[in-house]
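There are structures below to look over.
In the two complexes that follow, chain A is the common piece, with chain B as its partner first and chain C second.
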Partner chain A sequence: MMRYLRQVLTIAGKDLRVELRTRERVAAMGAFVVLTAVLLNYAVDRTVIHPRELAAGMIWIVITLAGLLGLGRTFELEKEDGALEGLLVAPVPRDALYLGKVLANAALLGAIAALTLGVFALFFQLTLPRNPLPLIGVILVGTVGFVALGTLFSGITAGSRMGETLLPILLFPLLVPLITFGASATASLLAGFPPEEAVYSLRVLAAFTLVALTAGVGLFRFIVED
Partner chain B sequence: MSPPTGPTLLEARDLVRHFGPVRAVDGVSFTLDPGEVLTLLGPNGAGKSTLLGMLGGALRPDSGSIHFRGELRDPGETAWRNEIGVLSHRTFLYGPLTARENLRFYGKLYGVAGLDGVVEEGLARVGMTPHGDRRVEGFSRGMRQRLALARTLLHDPALVLLDEPFTGLDVHASELLREVLVQLRDGARTVVLVTHNLVQGLALADRVAIQSRGRLAFFGRPGELPQGEEERFYRRCVEGAPP
Partner chain C sequence: MSLRSVRWAGALLGFAGVALTVLFHWQVFFWVPTEASMGIVQRIFYIHLPAAWVAFFAFGIVALCSAVYLWLGEEKLDHAARSAAEGGMIFTTIVLTSGPLWARLAWGTWWTWEPRLTLTLLLWFIYLGYFLVRSSTENRERSRKFAAVVGIVGALNIPLIHMSVLWFRSLHPQPVVARTDGPQLHPDMATTVFTALGAWTLVFLSLFLLRYGVARMEAEAERLEAAEASARPLGEQGVVTP
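What follows is the complex of A and B.
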């Protein structure tokens, strides 16, 4: 078990080290978040509606779109000099490889989600809750659910010439519950309602995340093995 | 060097593998004893790399089985992968990482004990110590392949699978690789070498296999080839004429 965990952490650590060095994905995702927030800020007519009313849904849409930019390239580096084959011939269970990738993607997207919250708080004059833990919990659980599914589908589309186009088409329909309940819980918490109001949405998010992780662990081997 | 006798290390039984309608490997069977070097020859598209992919565990056979140290290999298990090292014309290395970081990464995946020392030994073995802290993306093809060789041998595998390892190498890198391959013939390691180069392959081989259209047209010892007519024999094998 310890060896399994070490392998998961080694793979995640490698992915994060490569990302810190190249900053390919995080720069694209970060720039996307900031630019989209600026555009949305100007796109909303404040005489009709205060942007705060729309913020929760927008935050989740932006996190999802930014995440797709990054997730689409999860396996790009593994393809460059046959590195994926190197991982497949190594004594690494396929699910450890999957969980390592999920962990690295979750760390990246977690940082992007934090940036998204910060940028929207700035442009949309959001008042963050005094106790931010419930909001952090909602964002964290939703982010893990998203990358659990996204990493699996990124593996599927990585072998295709149309991979980056195909990924959102396959993934978006499955993300509807995540965005719906993530936005609902976020809206409730940003509006200052007690955290108990968001418990149902958080439970649905947690169930979604659990199902996505279970599916990924079970199916990843069929995706990466020839 | 005559290989030591002992229980069979690797046995392939009636391996078959398709890619769509193409039967890339068609009923291949052979055995290898510990310490033997098998040179696998054949033209492009003969199924050599597919066969090697199955032996290394990157590909699953459609039918047939692979036995390692007398036991049926379970693709779901990972323990037997610790005993196999794979080197192909693709290096499996990460460009943004340094040479040392690449070796450390693979060393951790293989659970190599005393990793720092093993990594330094590996770098020294292929003459890459001065370049250990440089990123791989700045390396020449020869330097990458030397580092890939260090990666392959990092966990001291009992079975080494080499798929066209000389492809794209300059003279210096080819010479170094040849030296390391000669060192590998130490009786402790079994090697399968896939190559187009008949002379190079025969010089290193204890056993020779010639694969054509997915099948093994010949499997035997180099001495069983007609002396002085190896090239003609090889051509007849791959053209499908009875040798």
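What follows is the complex of A and C.
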């Protein structure tokens, strides 16, 4: 068990170290978030609706799109210099490899999600709840669920001719629960309702994440080449 | 089952399915009484409901065959999954065309975020992804595995998607929603629905078996071609021998 955990952490550490040295994905995703928020400001007619009223939903859409931008690169990176072959011959079970990648992607996208929340709060004068823990919990659980599915599917798209363009087609139909309950919980927390109101949504998000992780752990071994 | 019996079964089911399809169209147009509140447009229901049933049934077959394929690695199961997915795509498209036609008159709008409507639309896109993964992966073995994973994950998510769309709708009730569960279904209507259900189940099974036969022949042809190519002397393979 400890050994397995160490393997997962090693894979995640490797991915995060690569990211820390190049800072390519963080820069691309971070800039994407800020610029999308800027565009949103001009896309909305303020005499009709204030962007604040769209914030909860837009935050989730932006996290999803930024996540797509970063996830597509998960396995592209490994294509260079036969890095993937190296990973696959390492004495690590395939599911540990998957979980390590999910962990690294979740850390990355979690940071981007926090940035998204901050940017929206700054640009559109959101009042963040005094106790931010429930909101952080909702966004974290949702992010892990998204990354769990996205990492599995990016393994597929990296092996196909269409590459990253295929990712949204595979991923978006399955994200309806995430967006529905993520946005509703976020909206209720941002509106200052007591955290108990978001418990049901958080539960469904957790179920989604659990299903996604289970599917990923069980199926990942079939999509990496033997 | 041998390839021969698969094709025979497919053809027989096809004839039976087409005969029943003709019968239920006669029932729909000439025989069944017109529904009191919705009027003539309600007759679309006899085409819509069986198609939806078959579409979901097909998706079940896709998921089941995909899972067993990954488990046993038997190529035939992949052929079955793919054949079911193609049939499912056809019937999902029928559901998505007949639904809005009915909704325009019954609800006054082509589209609404009605849970089943939304779920069917998403199902259509899951199928689309399934086929795109297949066609855009060069390596046969891998494309089969990829498609199987997509089929399984899609099916696993259906209950959660269904839950979300139901919950979402309960938050935003529609002002005008026709209720079909008012009076009990007239016995003639029930007969028509069941005829239609039987007809399209048979049509689907026939398409499924025929497509499955073709898939197996394709695989066989590919194998023969590869064997022949490797048996030919080098010069004829396009390799110039010095």
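Basically, the second predicted complex is superposed on the first by the 225 of 226 C-alpha atoms of A that agree within 3 Å, B and C clash if a C-alpha of one lies under 4 Å from a C-alpha of the other, contacts with A are read in each partner's own complex, and residues count from 1 in each chain.
As a working rule, a residue touches a chain if its C-beta (ideal position, glycine included) is under 8 Å from a C-beta of that chain, and two chains touch if they have at least 3 such contacts.
These numbers come from a predicted model, not from an experiment.
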item: First, second, both or neither for A:225, with chain B first and chain C second; value: both
item: Touching partner for A:10 - first (chain B), second (chain C), both, neither; value: first
item: First, second, both or neither for A:22, with chain B first and chain C second; value: first
item: Chain B versus chain C as contact partner of A:46, first or second or both or neither; value: neither
item: Chain B versus chain C as contact partner of A:82, first or second or both or neither; value: first
item: First (chain B), second (chain C), both or neither touched by A:159; value: second
item: First, second, both or neither for A:130, with chain B first and chain C second; value: neither
item: Chain C-contacting residues of chain A that also contact chain B; value: 225
item: Footprint of chain A on chain B - complex, ascending; value: 56-60, 78-82, 84, 86, 88, 90-97, 101, 105-106, 108-111, 135, 144, 151
item: Chain A to chain B touching residues, read off their complex; value: 3, 6-7, 10-11, 14, 17-18, 21-22, 77, 80-83, 85-93, 225-226
item: Complex contact set, residues of chain C against chain A; value: 70, 118, 122-123, 125-126, 128-129, 132-133, 136-139, 142-143, 145-146, 148-150, 152-154, 156-157, 160-161, 163-165, 167-168, 171
item: Residue ranges of chain A touching chain C (in the complex, touch as defined); value: 149, 152-153, 156, 159-162, 166, 169-170, 172-174, 176-177, 180-181, 184, 204, 207-208, 211, 215, 219, 222-223, 225
